[in-house]
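These are the structures in question, set out in turn.
Both complexes shown next keep chain A, but they swap its partner, so chain B is in the first and chain C is in the second.
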Partner chain A sequence: MGTFKAAVINEIIKIYKKKKVIVAVIISLFAIVMGQLMVTVVNTGFGLRAVSGTQFPILVLSLFSRTILPFFTTLVVIDVFSGEFSHNTMKITMTRPITRIKLFTAKVSAVAFFVLVNLIIVMLLSMLAGILFNSDSITEMGVFRVLLAYIVTLIPVVAFALIIVFLANIFKSGTTVFFISVIIFIAFNAITIAFPRYSSLFITSMFDWHSLWNVNTFQISKILREFFIILGCAIMFYTAGYYLFDKRDL
Partner chain B sequence: METVLKVVGVTKKYNNGRGIFDINLDVRRGDIFGFLGPNGAGKTTAMKIMTGLMSADSGDVEIFGHSITKEFEKAMRKVGCIIETAESYTYLSAYENLKLFSRFYDDVDNNRIDEVLELTGILKYKKEKVKNFSLGMKQRLGIAAAILSRPELVILDEPLNGLDVQGMIEIRKLIKLLAETEKTTFFISSHLIHDVELTCDRIGILYNGRLVNVDSKENILKNYASLENYYVSEVGKNGNI
Partner chain C sequence: MKTKKRLTILLSFCLGAALFMSTAFADVFSKEGYDQFKDAIKYTCEKLSGDYDSYTSEVALSIKDNDTLIMSNAVIAKVDMVNGKRENISTDEYGNGKKESYYYYEDTKCSIRKDSDKDTYYLYEYENERDVKDISDFNNPFEEEEAEDIEKIFDALIGNLKHHVIVKENNDGTKEFSGTISDAQIPALINAVTSFFFKQAVSGSNLGDDEFIPNLKDDVFINTVSGNAGVNNDGIIDNLFASFVLSGKDENGVEHKLTFEAVMKIYSINSTFVTKPDLTGKEVEKDVVKSDPDAYISGKYLGKWKSDIVIEKHDSFIKIGEKFVEITAIDDRYVYGKYYEVYKEEYAEYAEGKRDFEFKLDTEEDWTRFEGVDASGNPIDGFIWFERGYINMYINGDIRSEEEVYNNQFNKVFEE
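On to the complex of A and B.
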């Protein structure tokens, strides 16, 4: 087995064994159930249709991608980097026949896989809830749009994760990384609200990037512009994070 | 005899002025090389540089002819090691830990995992989580992880730490067995002179970051009553005992 593939599998297994995936899924499930209950109350109590069967997953995504997903992604990144440095377990893999660039990329890939799995599970659960409570409004195009919205959300969230990776390679303490991540997240959101003209510079404003894809006519130029901003951010923080990871003496 | 580990001019200086300075040494295939020195001599620093955990200020290390800095994967492919402490993932079982490590090597299967657990005396604990292990058990697991891939060079930093008397005897026997039957080369650091005398056949003394001398145990014991006398003599020449 190639060493990179071995490292990715190992990192995914370690993330899974630490149970954060399960906690994230449980909390997401709880949020979906609560959301669907509220929608059902509005539908049956007031005779209104709050959201259709395929709009509900999009609503869930809008909330999930701004709250639960970045939170758990931050925790997983801290575990994968700072946690291993502080528990002295990083050297276990660093003394195997794998270069640091492969190891770093494997860890980032495992985090991306965690984000993808989370998104897919939440998508399936919210679609199931949407089908169960509002099956007459489900269409094939609607399902496709839901799928597309969830998949494209992966990109800005992984870019955000790379910022946390960078921080995790600067600060030795996972607690410090967590608090600084929270401060950065709140600050970015606050600046986005206070100065909407500059919102596209901040990765947190891209978490609803999926809304650009959930339309009848794609705004290609806007999608491409935001994609390149996300890509630039990702490349910058990947490179900076790797530089620090490579230079670190254990 | 083939040189499996070559250290050339390695220097690493910390901010407090301590470190290792101009270390040069060769370890040949089949050697059980003892790296002897007091606490703070620089043994672990040297071993971290040898295994790529730390970068040297100058100099290089070659393992099986491959530079650690330029060809890391090739250099480390046939190396197993314990550096500083025998670490493992405490939330996984002994078996799961070794399974993770085994993926980096093509020829390590589940039978080999059981084999090394048996060799190190912890097969019956293979399904237990490492967080429930004693220090000695963790050390044995670390040794199992080090020899898992049938390495040709094993670098062990204080391998007998935490082991009971029986454990020390077993691990010493295992080292000698692997050296004899599989021609495995061992590079072992220790501050315990008696352990080094019992286990190793070539000995290098590190003191204040400098390699004071390297000689075979046979030669040493021809001229000195014990390794301890040799150590005191060599270190004494450097003016500190």
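On to the complex of A and C.
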């Protein structure tokens, strides 16, 4: 366990050193400021209160979880896997007394940690913006809903990250992985729009499953179904990714 | 060792794949509350538009401002589709306590109206008996051509809101739908567009003599939308309640909560009886409704009808010619006629493009619309109204010079 913990910390530090986290946070902050500005303009211009204090973080999340978050997650996965393969630094990591399964899991955990941190930062920033500009409508229940919505978004995004991990273990070049990921992302979204009925087959449509949690009466069966879809997808690609990672000659 | 590991990997992968495929397909083919509710609405419309012999429906709408009533309207309708009878009682209630009701009865032979503030019954007898189908026509909106496209657009707009529709199935085969959405759950775009629409279209509008919806100026937003509906054993929605709460501030900064509520009930299916009111000894004003257009367009319209062609020039009106409509023949179905223009010699320059054509009117299709062909074979159409003592005629695409005074009334040319 000690080696695993050390490996996770090691991977997290490596992600942190890449500065992508900083860029992700800056872009998120920029998006939040722009979003709040737009909301304020619409509200004052048309005399509306279309977005309340706790609605704003949800609005941000529904956009963020479909754009910036998967984008940076892909970049981080590429760094963690393809980057190390192509720089031949994976060998250095491997020289430590750690099994491949632990190393693989440590890397995936580090990516999940990045997603979580990114979500928390965006949540705090958007909540701050929401409170500053629409202080009149903050309720405890509202804050709880926001928290829940952000936390559950972690699950589908990590499942998506595992698909990228799988791709990163097939292709050598990080650029290839990136472009294939982008194509998959666009294709999944396009199919979802064209055939909304079959949207549950594509993991990208789960990015907004937080809306299932933001209701007054939970539809347990629907939530469970979607959770199992995400879980099934995650198990498949985790196993397949590990298999390739294990077989790989370094 | 190696085989065991491979087996574990394979097993794990298969487990994931099985989990994914089974739940994903289950999800694709499962019907959420929203879909079930939509099906119930469609089924109800289908049943009401033909399958039942009779039913009674009750629809009540109300608008409240901070819990004080502004206005409410309730309609109880009894429909007997087999015998072609219907009865409507509509009641309006205003915030100041004023109540108004309106009675309407209709069958194949006559219709009867009465307002609550008068004792007179207005009886309209039809000259020709009407078809049973005309009385109880409830057109199924889902059978319209555009219905499917509208449904798709609506689904797209609703988006994730559909997760809010909860369905509860009871043991006796009935179903209950319910749902509540508060402002934090309504997508910002939908909230903004709807609030803005309400602000523009509804707030400040008059409802009665001194009732009006408060004029909301600022901080307008949808507070809550909620509803519930019950489906009976037969699969139709027999009761429905919907409420929509809009919040906002008026020009003085006073907060208002506008509540719009609707209740709908359907009952006494196949056991509703409509009885014609007994008018003996009541004050009755009788009128006969001529259902046959030919009764209006009779031989009295035969002959020449004339209108002056007048222009406005140098601050005076000058007659430059005359236009004529000549009704040449009227038979059971068609009206035949001629249209031509005659210009004075000194205004011959206006005569360019003057019209001269014969036309025909099919009274069974539409007894105001005529079609014709001019000398050079171009089709001409427009509308003609046979008024009492004169004819109005409007020709489609009839563009004149700006100087001309437009007048489409033709007066009869009397032979003296």
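In this section, the second predicted complex is superposed on the first by the 249 of 250 C-alpha atoms of A that agree within 3 Å, B and C clash if a C-alpha of one lies under 4 Å from a C-alpha of the other, contacts with A are read in each partner's own complex, and residues count from 1 in each chain.
Keep this in mind: a contact is a pair of C-beta atoms (placed from the backbone, for glycine too) under 8 Å apart; a residue touches a chain by one contact, two chains touch by 3 or more.
Only a predicted model underlies this, so the values are computations on that prediction, with no experimental measurement involved.
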Considering only the touch criterion stated at the top, classify A:C233 as touching first (chain B), second (chain C), both, or neither. second
Per residue count on chain A, the busier partner among chain B and chain C is C
Contacts for A:S211 in the overlay, against chain B (first) and chain C (second): which applies, first, second, both or neither? second
Quick check on the superposed pair: does A:R225 touch chain B, chain C, both, or neither? Answer first, second, both or neither. second
I'd like to know which partner A:S200 touches here: chain B for first, chain C for second, both or neither. second
Applying the document's definition of touch, where does A:V25 land relative to chain B and chain C: first, second, both, or neither? neither
Go through the superposed model and pick first if A:I151 touches only chain B, second if only chain C, both, or neither. neither
Looking at the overlay, does A:N88 come into contact with chain B only (first), chain C only (second), both, or neither? first
First (chain B), second (chain C), both or neither touched by A:I98: first
Which bits of chain A are touching chain C when the two form their complex? 39, 42-43, 46-52, 54-55, 58-59, 62, 137, 142, 145, 196-198, 200-201, 208, 211-212, 214-217, 219, 222, 225-226, 228-229, 231-240, 242-243
Contacting residues of chain A [partner chain B, same complex]: 1, 3, 6-7, 9-10, 13-14, 17-18, 87-89, 91-92, 94-100, 247, 249-250
Looking at the complex, which residues from chain B come into contact with chain A? 48, 51-55, 72-74, 76-77, 79, 81, 83-85, 87-92, 96, 100-101, 103-106, 145
Provide the residue numbers of chain C that touch chain A in the complex, in ascending order. 9, 12-13, 15-24, 26-28, 30, 32-33, 155-156, 160, 163-164, 166, 178, 180-189, 191-192, 195-196, 199, 216-221, 247-248
